[in-house]
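In the two assemblies presented below, chain A is common to both, partnered first by chain B and then by chain C.
Take a look at the complex of A and B:
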């Protein structure tokens, strides 16, 4: 690591939005009240699969409510997630439908003066449904005799026939696996299953839409991408983009749940356009829980290795039950292949993936986009392999990991780049030391058994690559130096709660050497910003921050040029440093006393002399998506009488490059651990096969998540950041967020194995499963 | 739907007897509100009890302690009287729901809702509590708690009848021990997968009398009468404990639901029993 003297980067600071958030003053979509605003509610199918035969809204309208049904919304098939290029985007959705394919799919909506009236009106809409047979199992759904959920869907502009309910498939081959397995001396194979988890973001999805006098609309909504929402609304409602303005507003957590334009958004817009008044819809928790979930997966993985541990071949077969809509399962499958092959070198490999429609809640991106699923399988099987080889599993990993200088394609086969920073070895060795990996011993006696498990993983920082692929990935910013030396920046990049925009402010402050307090994050909308694709894929700091860094450097050139006129020295002779006392960035000529002027004075002089505003605007596509690696060591206690598993200690290592917000970065590691433990031990959604409803009925009472009581205490969690710098990242930074969760489930099942000698290949691992397995083991002697 | 908020018990009973269609009492509302939202109940009228301060009390008498029906779970959890005379009820109250729920939830509501998993029921069963009810014609009844529950969400209460108070007898023998365990899918904010309360009169490992209250293992909270019989008047030995565990597995009649399977609950009945017996006899062994 090069020696650096940063005043903002890597410093613990108070979040710019912190005070407003902790005092409840931050405004979210659900807080908005506009003059003449109506309240909207959505009528949802009570059946998992049905046809609407008749729908009668007259009684609701007699109450004064504005009603819309599928007949009154634009007849357009759209895809709610448009991060993928249009040619590779699958479309199967409608704003409202007469053919609901899951319990909770929207068929009509109302808006009325009050929420109570809207609720009442909703109850007065009469719908006659014809129930259709429903499918709740992906394997079942693929059988030829199963009912077809879709006749056709769109792939780009092209209409596609759907056969066997398969929404997307992907096959990727490198080398020759037959040869690879023939050359292998040891072959291991296992089936893995992961749960159908609800995002459980704090704020339920919401929208406020105001129709404008000029025929345009202004929209506030929970989203990870204001520009994609704008473009989709323009397309659906045929409004030119200059008249569709999506305002940026704080979101109460996302976890991927708003990577798309949520289904409630066009419903709110359609209501507002019909009512010609602003309309607000805030989903209830019950509605939110039937809107999206994480992709559950079935993974069959086979690995072949030489006796010395060198991996020779791999074969992964994946079936993903995507539920009722294809929220871009095609890129998901590409990424799942990518997550796998970018973990370990496989000379010969084959990936076969299928995404299958069922009558369940549609799955969409959630923390890792297939990565936690794949890493769970890979890191479990690596442990199995290590045991058979009689090798320490850390040594096995060190022998095979994809690292510095190697090609990787985490974001799928079209997003290839070279790894330029890598802390894998440092993390594995340091993590082993901090966790006591080598000294761990088995206690196979007593009711409470302890075990230590480890797993590693990574996530990409964004989806950039030298060549344009299937994924759109670029960002942009505007930077403006004010006449007192303070700075405004404007970016469409969303902060999902992790403090991304604070990190961006630090990048500006550092580049211009102005105090952090003097950098303002502007409230913006789609009119006042250039395009940013979306805050997803752990790309906020690396891609959004990278673009901002580039633009800030451009503003800095202009600043130095103006300063050079004043100081009468060429711009490249000028240096810039922070003067904390003056609260200013200072520009000076090294070694020449008196040649010193503050950023504020330069900007003011430029204004007085009519030179212009010091500002810049530009976009940047990152041509890498560097892996932010991590490794986790987790200790659990297993109660052999009740089967209850309690995680008691964790060592969390992260290779995020230069850390920009140290405390928030730690927070990301804690958060990843928390959600990862829930993924491994508790969170899941199950369906009533008769009614097609979620068994938890959309209530948190029965969508259980861990509480502070069931996770390791803060003092029992150690974090460790590697001494790496990413040469292509802003100030050496990479991403962190999703990586923090990817290996957790594998580390937990590996720890359970260490504790009781039983390997679980299905998560969540419930007390029941543990007890059953213990009894079986006992009965076998 | 109509809504009433009477200030006096008399008026509540009047309303209940008034035949105003299907009237529903609402105390803390922590069952009623979710039920209304989930449309599992659709009453014509709500009678809000939350203003009946006269029914919110914990009183200590010579032979018993008395709890008004509107006493909140939070009040119970922090009450010294309950801690002294009914420590298992205190524990159950402390573990019910979360602080927000405990501040609103009442004991009357918990019992009247008659969930198989109602957390105050197992300790009250073990403590042999009585439920005092009153109806529209001011008839009062004292119902032993083991006769109160009829089925899931069903009690012996008539439509014009409500719970007024709960009476928990103080115990007389110095050799009485009690213990309680709740097992949920997590440690807090969790509906019981199974809960068990034990009341035992035991001296030098000899059991004079025992009462076992169980939650979430049958259509209602229950007493494990057969198991109790096996222990009563016996020396407690490891073999007996083992046998009781097996008996309990047979005696309970759990169902499989979203939280756990019937088999798991059966298995846990025996595990929890052993733990409770070990706890109460710990000092007497060796």
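Take a look at the complex of A and C:
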């Protein structure tokens, strides 16, 4: 490997939006106040399943409020998430509905001069509901005698009948599992369950919509994809896309919660179009908590192996309770299969997945898109298998992992490519060393018991592949070199907090050899950017950055062409380097003194001579989605009297390829650990089966998350980045974000097993569960 | 229209006296954001659970969502903008940027208010004291580690400045 000399890539720098964020200058959707703006509120179903028989808004309107019901919004069935190609997209949503299928589903909305007046108007809308039986269990919902939550939905343009409330099914077979299990000498099987976690992003979902004089609209909203919001709004409201402008604005956290166009967006637009005035809706926390949650899972996993540990066959059966809407269940099931088979080589495999409608909050992507669920099952069962085999579980993993040169299909069966960089072995060995894995001792006595557990995982960097597949995945950018040598880049890619756009600025700075301070992150909207699918799937740096790298190289060619006219040497004889002192990129002819000019001077000369602006625009679809691997070693303390589990130490290993922002990459690992610990130990949403409401009533008080006081001691959280480079990534980089959480729950549960000898297969593992299990164990003798 | 009687409010925000007409039930958060233009104070839950709206009221941290605006009549309020500005950032703000203690930034304003109060009262806090001081501020992004480190660094810097002045 050649030694690289970067001035921006891999260097510790402060994030460009840092000062604005710490001094209260950064603006979020909820901070916008437009002249003549009305405040909107949404009327939500108090029942988990009902029909609206009558709705009367006259009293609300008499108060001066603008009201809309399902009768006054476009009668269009849509999917709020449109990254799958249109003919493979399941659609079952309406802007407002007369058939709410979960508590909190929107049936009407109002807009008024003040929030108080809107609230008052909301209370004056009279709705007569017919309550219908509701379903809260996926297995129950699939029984033929259960009520049908949908008669039909749309699959592309086609009307599709829904049977037994099954929203999507997927069966994938490779090889012959019967043969595989027959050839196996040891077979292990277990059932796993994971919870319906709430995203709990700090900013609740919000929208501001301004109707324009030309019949168009301008929209600011909490989203991970301004272009998909634009396209959906154009489709629903029949507005030409050039008149729908979605502005990029800072988002107060996402974690998947705004991966789709959120339900509040078209409601805000419908109100604004009717009122002919700007309308703002900011969800309350209680409303936000009934908008979306993480996909829960039931997974039954069976693995067969030879006595030497070689895996022979696997069978995974999955049931996902998706709640009231199909946000993207078909791709989810494909991805769950992909996460599984891309972890370990399975010569014979079968995956059977079902996504089932119930009357709960609609589930959607949340950090990992099915991956934390699958990895929890796989990495727990690998530990069980290792114990039966009498093998160190790290050796078992090393023997079977899918690595360099092998095919993987993390994003599902239609997204296959070859692994070209892999730090799995380095991480497993280094992590074992740093965590004291080999030296760990079992102490199965005393009140406080310690245990060390590990798990590995990965996430793809985007969803690119050589073949187009069913998922849209490409990005685009505009790069423009200004007349003083500074550079603007315009991308629809979002920074959801991780610092993705800082990484992108470094890619520009590195390619053009200009100082990082000279690269600006432009404020943009859907009019001034080319399409970018979505900031999701850990694709920001690899896909968005990859596209930007390509466009920057095009701008650079133009720069060198202009420079060659000035320096009178052919473009390919020119070199470019950074001059830190001058604060400029310098172009020169190697070995010829005096033939030297700054990037800024070239751009200025081009302007004066009327040669034109140095700029480029293009798109790129990556033909890979390289796995960003990781491994986590986590130590916990279990209090056998209270059942409380405290995470006390963590070694977080990551193979993100070339790290672009070291500080921010570490931040991704810490954040992933934090949310992963919550996933394993605390976070879930439970329902009151009588009322269909969330038991926590939408309050943070009863949706517990870890606080600063409950994380491990700072010096006991270590990070390790592998020495890998991804040949297909911008400057060798891969993604990082979602991977950081995928193995955490399994590592925690493995650590609990190490501490008290009890294997939990359901998360979160609460103190009540621990005490109950300890009692059962004692009673068994 | 609404018949609620409005009362005059006079309040000192970040050193500047401001006036507004407010209803008795209006929260300080609502008045700061909607009537006085201080949108740097964020609403995360409106129930006192998350700390995003923390401000200093006469030097003490309060959740603005749980404080009635009229309770702050004739009093001094400091928001994150009063802690420091882009031209003259407070050491806490500098270290938050330098240590990567911010991601989405939505909890940052409240977090800095709690941290400022801690360092005003205790210039040499232990890690446990820092954790306790910000335990009422939820952050979903960072996992808190870099925030705690940033507060520690700022504390050290402030102590050094005081020492240098002596």
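In the analysis below, the second predicted complex is superposed on the first by the 780 of 781 C-alpha atoms of A that agree within 3 Å, B and C clash if a C-alpha of one lies under 4 Å from a C-alpha of the other, contacts with A are read in each partner's own complex, and residues count from 1 in each chain.
We adopt the following convention: a contact is a pair of C-beta atoms (placed from the backbone, for glycine too) under 8 Å apart; a residue touches a chain by one contact, two chains touch by 3 or more.
If you're wondering where the values come from, they're calculated on a predicted model, not measured in any experiment.
Participant: Taking chain A as the common reference for superposition, should the pair chain B and chain C be classed as clashing or as fitting?
Facilitator: fit
Participant: Look at A:701 in the shared chain and tell me whether it touches chain B only, chain C only, both, or neither; answer first, second, both or neither.
Facilitator: It touches chain B and chain C both.
Participant: Look at A:51 in the shared chain and tell me whether it touches chain B only, chain C only, both, or neither; answer first, second, both or neither.
Facilitator: neither
Participant: Which partner chains sit in contact with A:641 here, chain B, chain C, both or neither? Use first/second/both/neither.
Facilitator: In the superposed model, A:641 contacts chain B only, not chain C.
Participant: Does chain C touch more residues of chain A than chain B does, or is it the other way round?
Facilitator: C
Participant: I'd like to know which partner A:317 touches here: chain B for first, chain C for second, both or neither.
Facilitator: A:317 contacts neither chain B nor chain C.
Participant: Considering only the touch criterion stated at the top, classify A:709 as touching first (chain B), second (chain C), both, or neither.
Facilitator: After superposition on chain A, A:709 lies in contact with both partners, chain B and chain C.
Participant: Classify the contacts of A:88 with the two partner chains as first (chain B alone), second (chain C alone), both, or neither.
Facilitator: Touch partners of A:88: none, neither chain B nor chain C.
Participant: Quick check for you: in the superposed arrangement, does A:15 touch first (chain B), second (chain C), both or neither?
Facilitator: second
Participant: May I ask for the angle at the C-alpha centre of chain A between those of chain B and chain C, rounded to a multiple of 10 degrees?
Facilitator: The angle comes out at 40 degrees.
Participant: For the superposed arrangement, tell me the lowest C-alpha distance between chain B and chain C in Å.
Facilitator: 5
Participant: Taking the stated contact definition, name every residue in chain A that is touched by chain B in one complex and by chain C in the other, in rising order.
Facilitator: 699, 701, 707, 709
Participant: In their shared complex, at which residues does chain A touch chain B?
Facilitator: Going through chain A, the ones touching chain B are 286, 641-643, 682, 686, 695-697, 699, 701-702, 704, 706-707, 709-710, 767-768, 771.
Participant: For the complex, which residues does chain C have touching chain A?
Facilitator: Its residues touching chain A are 1-2, 4, 23, 33-34, 39-47, 49-50, 52, 79-81, 84-86, 89, 92-93, 96-100, 102-109, 112, 127, 130-132, 134-149.
Participant: Touching residues of chain A toward chain C in the complex: what are they?
Facilitator: 14-15, 17-28, 30-31, 33, 64, 113-117, 120, 199-204, 250-255, 282, 284-285, 496-499, 663-664, 666-667, 670-675, 699-701, 705, 707-709, 711, 713-714, 717
Participant: Which residues, counting only chain B, touch chain A once they are in their complex?
Facilitator: 34, 37-38, 183, 185-191, 258-261, 263-264, 267-268, 271, 275
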